[in-house]
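As structure tokens, here come the structures.
The two complexes that follow have chain A in common; it is paired with chain B in the first and with chain C in the second.
Moving on to the complex of A and B:
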């Protein structure tokens, strides 16, 4: 195994062609061809503008993609854990494995021997491409994003090389979560990583992706994709905790496919970066499947967080429940645009969608677009959205007990978030998320 | 389960006004649209020069704007527009009394079921038959109070200053493609002026029909409700069934001044081949209250979002909307509220029913600008699906730039519950009756707001559609 730390020759995205991006990499034919096709699609498609509904509130044309240096990670290396990672791990309770990624490149990967013996596979995407090219190709390259998301998704696939692959075999229940750290260190780069989580029938898995960087002095873009698939009766919990520093713009596209009687929980926590766009699609493919989609965000300064969700009921008797809550202060802004789509024939669908927003300052603003498209009649669907502020009475009470206005306000925000935090099944994961939020809102 | 039979039994989708009255228009323009047509319209109406300029400029705006890609399917509309008559004038002059109204038109009203006695009670009836007011009466005491209720043409001719002061100020020409089209070829509609402090207790009614095949109807209504005044305006439409697509694109502008209250009621029951694309907007000033009561039962495609621009402190806007989408119909309706002043409040209540291949969509906007302190808005949308093929969508936009605002939106989608049906049937109702009762109960919060005493025919429309032959 080589120990290259950087990939092929570097240039800006504007000057890059696919050969320079892929130069020096060996990969299976199926993946190489699919990546080349993705690159072609990326170069052919125009950037979506604010005229498209999907980008109505986030101006992608203001992101300087062309000047960024794309990084395609080469082979994995085996570094020791850095101090900051060790520190977080020390406070995060039990775990079944750890992955550390730098600009997408797997720098460290470990899996508890006992878990490995039960048949669980944890490796880099690049190793998975060598070992299971077809599985990967089908799971990633056959995803059909909407027209307005296609350009970014094509770029993500063309740069693919970073990320990890977790496969939990039939009936195996992992005792503790996998904790992955996505670290961005180099300012001015464009990097991409993918989290691939697959649970066979009856498998149980829990994953926490933590995204972090220092404050960077040049515009930096981190692309992220996740495919989370549960076969019949599988139970998967997926958490993305984003606490990048300033300077980073982050785009994450997550695809969930829930098989018969499976239960999949996704939880996105957005705290960092200048701009964060998160797209979560849950496809309820199997009867009796259950998808819980949760999110929290706290935006300050001039942070802008944009969330798009789709609860796609393709099978009958499925249940989905979405709860997204955000709080904003300073000039922070956020968008929630969610859609429940119920296909013809997806009878007895039970689907909910709730978005609640707190505006703490005069300069903050929020938009909510909770949409429904229902083509089956025997369904229960509802959605609700609210935008408001913390209650004066509560604020007054806390301040009368000696807290400053800011303290009282932050405490109330924490209480507002607690309903969502309480829904996370794994205690260790819950504690880690709570800690990160406390740190951000400065309790 | 013979659910389809039951629904047919309700007569929900039976179009009861599909009769055609022979008529002889006095002037009929050639089909299609051009600068010449616009000049002809303006010439026939003997309009001042500024209005012709306004129309021609609007035509350019119309040409420059692309066909909307959102909402309903407008892909076939462009062909339709080439075949539409943009102007018809059925009679040369305004009728003064009921006796002067031609028999033909009286027959039409007869079929709509407006009893003679009711007409007497109706305060002012502006009946728009095809493109122009043909019948217009106003009680004497209102004239003494200074209330103006004229055809829009007479409004321009008799009150040019007042007209020009407000015309196109609420819905500017460039607002959207169809507002531009209406601005170019508008014809018919009402001009209403309620002076300061005047309370008009009996609703003002304009009843109009579209009657000639392939004829576009571009009614334009301008209403000014002065400080402290109160009034209620009712507009109801039915149209005969024709085989080719027809088109209706109205613009309604309302100014509600300080402390005034105004309610605008529309019951739209166009035939099922009609495109109905309407811009309705009210400018609501300090302490004023505006209510839109909007019922959409007919048409092939309706895109209509009554709006309240709350520009004065404590202004209140309310939108009650009911939509029924039968087989092949798409009701893309909803409401918009714009909060641009402190302590403004609004409420949108939407009820929709979809049946067969019908599709009902709620589309709404709630916007709160920075500085609209303490603004409050609440939106509730309920959709009822009557069978497996029907579809419902909800597309609300909520954009909030003010942190002291309090905004809520809720929507539910459900079907008529088997338990509900079973319960009612166990109490001795047959299935059709039970279904009708559930549907009635569903729309009741909106239906009860209809002015039963003065607008029996409007209620008859909604009740016939919803309840059918079940008594």
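Moving on to the complex of A and C:
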């Protein structure tokens, strides 16, 4: 990559150097050094190609990263809630706080005073970098991604500055979710945001990240990372609801670390964008920990959704259960590639992995590659995947009640999704997700 | 007499891709407000006729016509026939896991609205509750998944519930009585009678093996189907004769 002289803000990624990316902002030494190292790594690594197993179905070389304008990390502002956000909030249930991000920059942040008094911290990643640089550095810069994910992860870290930081102290149970809106407005940009969720022992937290944009007329990339950590006995529910407009390509890498007897639920809903890649790794670090990994997607037109998961059992007596369901129509395509890895010492592991796909059209295509890698000898593991179509008998039954073929198919997709939706513990969050799916599917 | 609600002429049909005809020239006229019973032995084509009327894609009509309110419906899709006013109560209703009865019926009612027309959500809920009460169904039933894990009786009741909510002009009841104990049968029969009382123009084609249900739903006309044709038609007393003598005396007619 050549380094050219460019203005401080609006250069392309190809022309950017680290000083441009820093945007003249001061930040704590620990973060600045780690970000600079990430940038070095990003520039040194080659883009992964379709030859690597992890990128076999998604051609990164076709994404024009080099021509995008990176959005530099910026300090938070305090703008009023926009009408679209207020509208969604008005229809959602109770909440403990709201974060609005624009191209990763925190534009609005509020936390219920009562929740703040209980010791919960909600702030921008930039403020966290000032106030808790070590916590942030350890939680983010010491994550070891797989070789095929390293380049994008390094870019995400180099651009770090966008996103929010949620810390729930020992024993504090948040009464309602935090609702974050990740809005992308500028076509042709490359932006990045991080969701940092940390629950100390016995803490309870629920977060919904909603990703949205209009249809954009130029290729636009949104990078997202999440680190979700639960100490002993913590309970965390994390939902990512992605409903970007067309033109957006998004890459989300999520790392879950589950401590002793903690219970962590992640739920990815993918509806929007041209291309969406989601990597979820759950590390069961503590004995008795429990990770539930859920996902739903509905792809139409020529949307392509690619999912990679790892259930990594590093401790004994832990439980993980993955259920990913997708439906596709038109020329939509999707990939599920999942691995259960059980380390040698992780005896009495209980791990499940299921991927089910429903194809509504001749032109749609799903790939499913579930996998196991088990080194312990006393475990219970199962994995399975199916790819099927709607049943003629069900279709005729619904049509005989007046539903058009399209309505009948869409209702069957709802029925297919219901099993997963039903596993979301918080009713308000469940209702919001259901509403977004209804809007996409259209009945 | 005015134009029949349902008029079937010379109807021949077979399973798509197979040679043997199951319907071999069915003729039947059903006037508005009439209840017709269609009886006959196993394999005579009763259920096939029901499915062909509803537009089941597995069957191919090779000759004849089905006129509903004077319009040929053979070219219509199943959903178009339904919205036109034809209702089939299935012998074996499909199970739809994940879709609640309320959601399903709301979608079905919605599909009948003109573009831009808003559904009266409260009105729908009131109607649904009323009809469920009429059929002695627990209110919690509305949130259950359509036919998923239902007993035979619950499935049949659910069919009549749908008919009550959708208010068709013609109800084709395909062995709605089979598999029901006497109490369930009475509830279902009472439900159908109440629909007939509420809508005097409602036409019913009641397909059954047994005379039992005809003790509770009085037919105006009884037809007997044999080998793909209507072999005999008569008044309610024909059912008694069939009960007493079986179908053998009709074999000759059918063999023509």
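In the analysis below, the second predicted complex is superposed on the first by the 434 of 443 C-alpha atoms of A that agree within 3 Å, B and C clash if a C-alpha of one lies under 4 Å from a C-alpha of the other, contacts with A are read in each partner's own complex, and residues count from 1 in each chain.
Here, contacts are C-beta pairs under 8 Å (C-beta built on N, C-alpha and C of every residue); 3 or more make two chains touch, one makes a residue touch a chain.
Predicted, not measured: the structure shown is a model, and the values here were computed from it.
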{"item": "Joint occupancy of chain A by chain B and chain C, clash or fit", "value": "fit"}
{"item": "Angular separation of chain B and chain C about chain A, which is computed from CA centres of the superposed model and rounded to the nearest 10 °", "value": "80"}
{"item": "Which superposed partner A:366 touches (first chain B, second chain C, both, neither)", "value": "first"}
{"item": "First, second, both or neither for A:397, with chain B first and chain C second", "value": "second"}
{"item": "Contacts of A:414 with chain B and chain C, given as first, second, both or neither", "value": "second"}
{"item": "Which of chain B and chain C A:405 touches, first, second, both or neither", "value": "second"}
{"item": "Which superposed partner A:175 touches (first chain B, second chain C, both, neither)", "value": "neither"}
{"item": "Comparing the two partners chain B and chain C, which touches a greater set of residues in chain A", "value": "B"}
{"item": "Least Cα gap, in Å, left between chain B and chain C after the two complexes are fitted on chain A", "value": "15"}
{"item": "Complex contacts: residues of chain C adjacent to chain A", "value": "54-58, 77-79, 81-83, 87-88, 90, 93-99, 103-105, 107-108, 110-112, 145, 162, 166"}
{"item": "Residue ranges of chain A in contact with chain B within the complex", "value": "53, 344, 347, 357, 359-362, 364-389"}
{"item": "Complex interface listing, chain B residues touching chain A", "value": "70, 370, 383, 385-415"}
{"item": "Of all residues in chain A, those that touch chain C in their complex", "value": "391-394, 396-405, 407-408, 411-412, 414-419, 443"}
